[in-house]
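In the two complexes below, chain A is the common chain; its partner is chain B in one and chain C in the other.
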Partner chain A sequence: MTTAQTVLAAGGAVSTGEAVTFWILAPLALLGAIGMVWARNAVHSALWLVLTMLCLGVFYVLQAGPFIGMVQIIVYTGAIMMLFLFVLMLVGRDSSDSLIETLRGQRVAAVALGLGFAALIGTGLFRALEGTSAVGLDAANANGNVQGIAKLLFTKYVFAFEVTSALLITAAVGAMVLAHVERRKGERLSQVEQMKARFAPGNYPGPKPGPGVFATSSSVATPGRLPDGTLTDGVHSQILPTRELTSSEAAPKGTEK
Partner chain B sequence: MTFLAQSPTLQDFGHDVWWLVLLKVVGVFAMLLLLTLFTINYERKVVARMAQRPGPNQVGPNGWLQSLTDGLKLPFKEEIIPLTADKVVYFLAPVISAVCAFTAFSVIPFGPMVSIFGERTPLQLTDTSVAVLLVLACGGMAIYGIVLAGWASGSTYPLLGGLRSSAQMISYEVAMGLSFVAVFMTAGTMSTSEIVRAQANGNPVNLLGLEFTAPGWYAVLLLPSFIIYAISAVGETNRAPFDLPEAESELVGGFHTEYSSFKFAMFFLAEYINMITVSAVCTTLFLGGWRAPWPISAINDGMFNQGWWPMLWFFAKVLVLLFGFIWLRATLPRLRYDQFMRFGWKVLIPVNLVWILALAGIKTLQNKATDDGTRYTIIGALILAVLLITLLWPSRTPAPAPNLEEQLARRPKGSYPVPPLDLQVPPSPRTRRDVAERQPAMAGGGAATDETGPANSDEKEV
Partner chain C sequence: MTEIGLPPINYGAITPMLILFGASCVGVFVEAFVPKAQRHLVQLVLSLGAITAALVTVVWQADTRTVTAGGAIAIDGPTLFLQGAILVLGVVSILLIGERSLERGGPFVAQAAIVVGSDADRNQTVRQPGATDIYPLSLFALTGMLLFVAANDLLTMFIGLEVLSLPLYLMCALARRRRLLSQEAALKYFMLGAYASAFFLFGLALVYGFTAGTPSGSGDNGGGVDFATIAAAVRNSEVSPALLYAGIALIAVGLLFKAAAAPFHVWTPDVYQGAPTPVTGFMAACTKVAAFGALLRVLHVAFGGASWAYTPVLGAVAALTMLVGAVLAVTQTDIKRLLAYSSVANAGYLLVGALAVNKQGLASTMFYLVAYGFTVLAGFAVVTLVRDADGEATHLSRWAGLGRRSPLFAGVFTFILLAFAGIPVTSGFTSKFAVFGAASGAGHTWLVVVGVLSSMILAFPYLRVVVMMWLSEPGESTPSVLVPGGLTAAALTIGVAATLVLGVAPESLLDLTNRAAEFVP
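Our next item is the complex of A and B:
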């Protein structure tokens, strides 16, 4: 008997629908947990965890906590696991776990310790909760589940709530400070400065010939050539007026070697 | 009010017999499929009209069966699965998308209490005290469909599309969730049927001794929330101008580039159902739900708010909102990705938070047993403070921009030469035949006159 069922049973009679839902989803939740550990691919691992979290969300709803159940699905599954997945996807598809053990026997030890810990927690909770009946659910949900949580959050636990939010904001700001490279003013060139630098003395502002172009000049006087080296017409636009060079202009300038 | 008795409350749910539940589930499912088929045609026809084309007009009466034939054809096309695909996840992704899209519709109210085969039941599949959160949860899970599709395809474009969409949808879900907060605060509930109920009547307002009835629709009452919801809904459904996860010009097809046949059909279906869902949620939360708009609702003591009539108003409102989606697609170009994210995080969310704060302040002023004197003092003090801040805010006087001559004079010696401002380009002496008859061109456009010769250009050169 698992702890969840103990609590359920202690709360009074378990309705059929509740029991059916539980016995369908509880194995799925366990399967997800085991699958998360067993999966070699990191993304598969995350997906198994999503399954477990979804089942937990439904369990919350089953146990008369609809708000926390929905928040579990929206926040944990919808946002936090999604960010995990985001990072895992960037890691790459083929980064599966290697199966070489660095510590001899660690897997056996981990399984044994995990099972032992689960047994300890399970028996401990079972012994502690055996025979106790849960009370106060109706009183807590008297004015509605959401209203009850809101009242507690903003009256009795307002300080804890605010401190938690301050902690989270500090963590977020800290991550940004660590990851964000702040450029000083002037370190990054603005568009105007880039243009000035481009036309400054010593810099040729025009485009350089593209790769694969072997012409020594971009002048229209240089004849166009096909890839095999033969001369070609049709490299100049038809609308340009034809030039008629005088014989002296057409003669070699003496610049060729 | 007689018709208020027809309005379902949370207590009316959960008592249906099994065949009625089955009937409602099948009904919602069939309705979504039909509405999707309709919306595809609707979109194509509207976009076509906006582009001065007839649109699909061959299959069926006026081409209205075009999407049905397309839909029938799609599953029979060849299924291509990339070699590098992660088979299980590749198969799972479209299923997640479609399932989430269908599930979200289970809490949308279509109408009041009706009688189906003698059973009195609300015209809504189900409702819970956190129904709107269920819609948000389905939206959150739907991201998995897109992200996993992008990852499992084992190809670059889908991966980029998947990453884009996860960042985009998470960001816009925050804005969307915040825009719901104002509705929850005003309605005092998160159940969809009760939010519709809360918008039934305008609430009387006493402003400066003037009695009038404020409209009940939250689109009017909570206009900033409505606008923010409308914008973030477009971002959440990946529709133009926010369709960056499937930007054709950058990513081919985005997350569904490698999908074909039935799996692609499921993504297509999910996209259109999502569009219908956000329109239906908008109708429910902001536009009074299934209730008739004002002049009609007053006819014959609310006759049109009873029985099966409300389905008509509901679908009319949804279709108007869908038209808005299509209109946006036909009109606006796609945003750049960084502009889009900046808009979400730096505009929508802060504006929303400030609005919620202001709304909470207004609620407090209304709730407390404050007399009118104190109330108006507080409001006056606030207005005065805002005025003072705007008046006394130090303004930055920008340094006067240097004119063109000064800028040119500042250039260091040996700079790249620029042509003089009054440059005239003389015809080349080497082009005799064609150009000699032309007017010489001049910088600035106009034709040169004879008084200013080409000799001028040498003096002004810098």
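Our next item is the complex of A and C:
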């Protein structure tokens, strides 16, 4: 790839193609960002974010940063966001957030302040940069875009680059600390041990009888009966107390009448 | 195509960081390979040894003044002084973190992943020894802090900020008792910290735009985020200054968040309360030094030429911080939250010193950081001692009558509170005197007035605790004050002794700060 091809947008005026692409993709990027905040389903949020990131990747390529643009698309959108989606799917995509506002008026205030901040920064930047033309792109890409980045990364910012390894180690240690439950020897049963325990004396290996819901009453708290007629609990949910049935409830319903 | 060569790196100058980084990596290996029974001792010795070694190398090169690693690291007086301060306070924090005699298994949870309130959780709360991952994490945090105060460009500073923050978020989540509060604290700190980092990055981008066309030190295509280039751009850039002002504002948001200045302080009480108390002490002492170290460098070196522009705004922030911290401290009913708001107010006093952009301001702020760090660590050390069967008894009503039950520790805590209040003979007085002197010397009299007023407000909650401890009768629910183990006793002794010595004979440290108070250009 020659330098001329790499540098799509050399310094100076914005070409028509760049302007057209920008005005098509910029609203899409904004839409994606708003959709990400707006969507109630976490998966939808992630997909909206993917849209924004893809648009940004195209912008980077347009603005003579093909390497960073491709990294944005391949690594960020392709790898990290997809990993994120996997995690969402594993955790369960139905686990939606509680939308109860604990602080009254918090959302309105947040939207107002956010819009105010955006307007402040936006107008400030617009006034500051009005009529400014991009400089330095040719010089930065003189030896090729990737080589330019490599030069900065391994000369001026080599220390910062190396120190990010501390971040990665911390992240890995943190994931282990917060998410890994260590099982000690003996806590985890093998299949053979499970079978032995199942048929050991005192345990009932077959399926348990169902609750006596329809046999005697319509309550799910009704205890089931063993084949010899004695009552047994443990057949209905643990959180339900076993209900003491009155004699009229326990009496046969007399369907033969 | 030109060859790319590694820039010359003065390895001697960055040895402290390398030692801590290496030790934290070794600590991770210790977690993997050393049997569980010996891990605690091995990690404790490793951490203390590494920090001491780093401290020795800092002292060793006390006269080094250099910019190295391609201009990314500046080793000069303030860097070395603040690195030394972080390391000394780090040793004291590690002593608190390593204490295991107050509670069976230490103040940290054995396995943070076990669901709170389950049978396994109840079992591990009373039986299992705490996780020792806390040691490599604190070493990583200390590495980040050393880098944070030494960074000579905004990008390196940002990486340093992340390296110091990420382990802190994790450490907050590891409390043995009241685990839901602890996890909430960690999540809150993480979310807001990420938000503040984003502000910092945005500001960095704007400042980079502002330096366009200013020839940079390394001589390529102009522009850059190293402090020398920014300082040159502040003097004579032709780009609209709106970029500079917005950039300063956003970078200040990122740094003031870490320093816990109002209105970016809202995380402080919740996180200080929820985090395990030794970690709270670590955050209050070391993180504050690191945050203000970076803020001083940014304000003095990079944006020193624009001080007339940011002083009114940051002065307002300082005044607000002092008043908010003082007024809200009055209303607190929990000792950890009270100390958190006191830490907010102290961030305000530090900011008063930092805004005096001259040598005296720099020296007095550095003095204040050290003095406050020792006192606050001693304060949290006492908090770890007051316990009942459910762990620390932090509610203020429980502290009533403590003076009758344990006159020694109530006396020590009274001394610490008087130091916070700035009573003479304590380091609180000398340090406040120094920053207020620097501020009035720089012409910020109104800040001094607000500072004195807020100190008077702030004295009230401290004295209320003192009165409660001494003048109430101990009741049924008054907790006991445990006899500290060797580590806590050492930390407490160091903290109280430093508070006293810096109050009675501060000359040598003041001399040291004065000699150190000069940035390399």
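In the analysis below, the second predicted complex is superposed on the first by the 155 of 257 C-alpha atoms of A that agree within 3 Å, B and C clash if a C-alpha of one lies under 4 Å from a C-alpha of the other, contacts with A are read in each partner's own complex, and residues count from 1 in each chain.
Here, a contact is a pair of C-beta atoms (placed from the backbone, for glycine too) under 8 Å apart; a residue touches a chain by one contact, two chains touch by 3 or more.
Keep in mind it's a predicted model, so treat the numbers as computed, not measured.
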* Who does A:Gly144 touch here: chain B (first), chain C (second), both, or neither? -> both
* Determine, under the contact definition given at the top, whether A:Val192 touches first (chain B), second (chain C), both, or neither. => neither
* To do: Identify the partner contact of A:Ala128: answer first if only chain B is touched, second if only chain C is, both if each is, neither if none is.
  => second
* Could you look at A:Glu182 and tell me whether it touches chain B, chain C, both or neither (first, second, both, neither)? => second
* Asked: Between chain B (first) and chain C (second), which does A:Val173 come into contact with in this model arrangement: first, second, both, or neither?
  -> second
* In the overlay, answer first, second, both or neither for which of chain B and chain C A:Thr155 touches. => second
* **chain B versus chain C as contact partner of A:Leu47, first or second or both or neither** => first
* Residues of chain A at both interfaces, chain B in one complex, chain C in the other -> 144
* Structure fact -> Residue set of chain A touching chain C in the complex reads 121, 124-125, 127-129, 132, 135-136, 139-140, 143-144, 147, 150-151, 154-160, 163-164, 166-167, 169-171, 173-174, 176-182
* Structure fact -> In their shared complex, chain A is touched by residues of chain C numbered 1-2, 4-7, 9, 14, 21, 24-25, 28, 31, 69-73, 111-114, 131, 133, 136-137, 140, 143-144, 147, 153, 155-156, 159-160, 162-163, 166-167, 169-170, 173-174, 206, 209, 212-213, 218, 220-224, 226, 239-240, 242-243, 246
* In their shared complex, at which residues does chain B touch chain A? -> 84, 86, 89, 128-130, 133-134, 136-137, 139-141, 143-144, 147-148, 150-151, 154, 159, 162-163, 166-167, 170, 173, 177, 190, 412-416, 428, 430-435
* To do: Provide the residue numbers of chain A that touch chain B in the complex, in ascending order.
  => 41, 43-44, 47, 50, 54, 57, 66-67, 69-71, 73-74, 77-79, 82-83, 85-86, 89-90, 93, 144-146, 199-201, 203, 205, 241-246, 249
